[in-house]
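Chain nomenclature is as follows: A, B and C, assigned in order of appearance, with residue numbering initiated at 1 for each chain independently.
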C-alpha cells in the first residue's frame, strides 16, 4: 500500500493512509469470534458434563475421550484441521445425499467452531468441578424440603455452581480470546490478520504488532474487569462466601 | 486418484508418519528449552515481586505476556524486532535471524509469565504457621527457604505447573508459523505438496496426543513421588 | 525465682502496640530453671502476644529480654520502631527456645521423623544419623513409637501435638513456650497431651504455658500468672492463686458471677 516514507502517526491514524479503523474493526471481529466460540463451548461443554456424569458407561467414556483428545492436541492443529477438513467433509456428505459439493463454509464459522470445540473440553471440566463442589447434603435438604428438580437447580445448585465456575470460566474466556488469533491463518480479517497485512504492506511490523498487542491488552483487561464484577455479584448471590 | 490404492495409500501414510516422527526431536528440544528457560525466568519474576521496583516491572511483564496471544508475540520477535535497526545491526542479529531462536525467546517470555503466577499462588498458599514454626526453632533465612519454603512451594505448585507445561508443549506448534520445521511444520510441508490435509493433520495430532499423554503421566508420577500420602 | 537455680528467662517492661492499640503495657517476668509458669487470662488479653515476643516472632516496641544469659538482639530506630539488630544472634536465641503451637504447625512436607530431626540437623548442625536416632527416642518418649514414617496429615490432632512436642524437645531447649497446646483438640485427646506435659514438668523442664486448663495450672505449675489488658494483674504460686487470698479480680476471672 504505502512505502517506508509515510510517517508512523499517519499509518496508525484514522486518515486515508491510516490503519486505525481496520485494526479496530479487526478487534471487533476478534471479539465476535471469541464470543461465538465461548457460546459454542458453553453449550457443548454443558452437554459433555451431562454425558460425563451419565450412568451409561459408553457415553461417559465418549465424553471423557473427547476431553482428553481436545485438551491434548494443539489448538492450531484443530483450527487447521477444521479449516482444511470441512470442505471435504461437506462434499462427502453432499455426495451421499446426491447433491453437488457446497464449497467452503465461511472462515468465521470454521474458526469459531474450532476454538469452541477446544473451549468445550475445558468448560466441561469446570462445570463438573462446580457441580461436585455443591455439598450432597444441601441437595438432599432441598429434596427433603419438597423442591422440584427445577426449583432445586435454580435456588440451590445454580447459585453455588456459578460462584465456583466464574473464576475458571474467566480464565477460559481469556484463552479463547488469545486462541482466536490462530484463526488468522485462515485469512479471516480479525485483529491478528489485520496487523499482519498492515505490517506486510507498510513494512512497519514492529509498530503494527505493538498496536495489535495494545488492542489485545485492552480486550483482555476489559473482559477481566467484567468477570471480576460478575464474580462479586455471584458471590453475593451465593451467600457472600 | 485411482491408481493410488493399496500399497500406495499405506505407503504415503507410513512415509508421512516417519517424516512427522522425525520432527519430534525439534518439538521436544523447543519444549525442554522453553520449560527450563521459562521456569528460571519465573523464579526471577517471583523474587522480583518481593521488592517494590522489581514488583512493578514483574507485574508489567506478566500483564503484557499473559494478555496478548503467543502467536503475536512470536511474530513480534521474529518480524517486528528484526525490522529495528539496533537489532538488525547489533551483535545478536544471527540469533534473531533464526526462527527457532525467536520462537524459543517468545515462548520463554510468555510461559514465564504464566508460571510466575503459579509460583506466586503456591507461595501464598504455604501455611504461615509452618514458616513460623521454622522461625521459632531458630532456622536461618536461607535454611528456611531451602528446607521449608521451596519444598512446600514445589509441592503446592506442581499440579498447576504441570498444566502449564502441557500447555507449553502444545504451544510449541506455533513455532511452525515462522517456518520452524517441528511436528506441525513438517505436517504443513507434507500437505503443501500432497494436498492430503486431513490424514496428515490427524497423524500430527496423534503425535501430540502421545506427547502430552506421556508428559501428563510423568508429572503424575512426580507428584506421587513427592507426596506419598496422596492427600489422605 | 529461687536464688539457687539459674535464671532462664528475664523479661522486663515488654510493650507491644498493634497500630494504636497497646496490647502489652509493660510486662516483667522471670523464670528459673525448672519453673513451670502458667499464664492465664481472658481472650484478647495479650497472652499469645507476650509469648511470641519472647522468641521475637513479634518484635516488642519496648523492653528487654534475656534467655539463658543471652540478651535478645533488639534495637530501635529513630522513630522508635523495633528491629532485629543481629539476625545471627536472633537465630541463636531462638535455638535456645522451643515453641508448641495451638494448631501444631508440623511441616506437612516432612514425615514425623524428619519433622523432629530437622532443627537438630539444620539449626544445630548435628549429624543426621545421630539426630534420627535421638528422634526415635523422643518418639518413644511421647508415646508415638512406630509413627516415624507417617505424614502429619495421617495423624489425629493429639498425635500431631505429641509429635510437635517431640520436635520441640529435640533441640534440648532451655525454655519451652506453649501457646494453648490443647485448645484445638477433642476433649478425649486433651488428656494425652496434658499427661505428657506433666511428665516434662516432672523432669525439670522450664516451661511457659498459656492455657485455659485450670486444673492443670493448679496441679502442675510452680507459678500462675494472670494477664489482663496487657499487664500482669496478679501472680503467685498456685496454692495462693487458687486459695482464698487470691486477688479478687483473678477470682472473678476463675468464676465469673
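Basically, a residue touches a chain if its C-beta (ideal position, glycine included) is under 8 Å from a C-beta of that chain, and two chains touch if they have at least 3 such contacts.
Everything numeric in this text was worked out from a predicted model, so none of it was measured.
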| item | value |
| --- | --- |
| Arrangement of touching chains [line / ring / star / complete / other] | line |
| Most remote chain, CA-based centroid, reference being chain C | A |
| Per-chain Cα centre nearest the global Cα centre, belonging to chain | B |
| Centroid spacing, where centroids are CA-atom means, of chain B and chain C in whole angstrom | 48 |
| Whole-Å gap between the CA centroids of chain A and chain B | 22 |
| Whole-Å gap separating chain A and chain C, where each centre is the average of the chain's CA atoms | 56 |
| Contacting residues of chain C [partner chain B, same complex] | 55, 57, 87-88, 90-99, 101, 103-109, 118-119, 122-123, 151, 153-154, 167-168, 171, 177 |
| For the chain A and chain B complex, residues of the former touching the latter | 68-69, 71-77, 80-81, 84-85, 88, 174, 178-182, 184-185, 192, 195-196, 199, 203-206, 209-210, 212-213, 216-217, 220-221 |
| Chain A partner contacts - residues on chain B that touch it in the complex | 63-64, 66-73, 75-76, 79-84, 166, 170-174, 176-177, 184, 188, 191, 197-198, 201-202, 204-205, 208-209, 212-213, 216 |
| Contact footprint of chain C on chain B as seen in their complex | 127, 129-130, 132-141, 143, 147-148, 151-152, 155, 226-229, 232 |
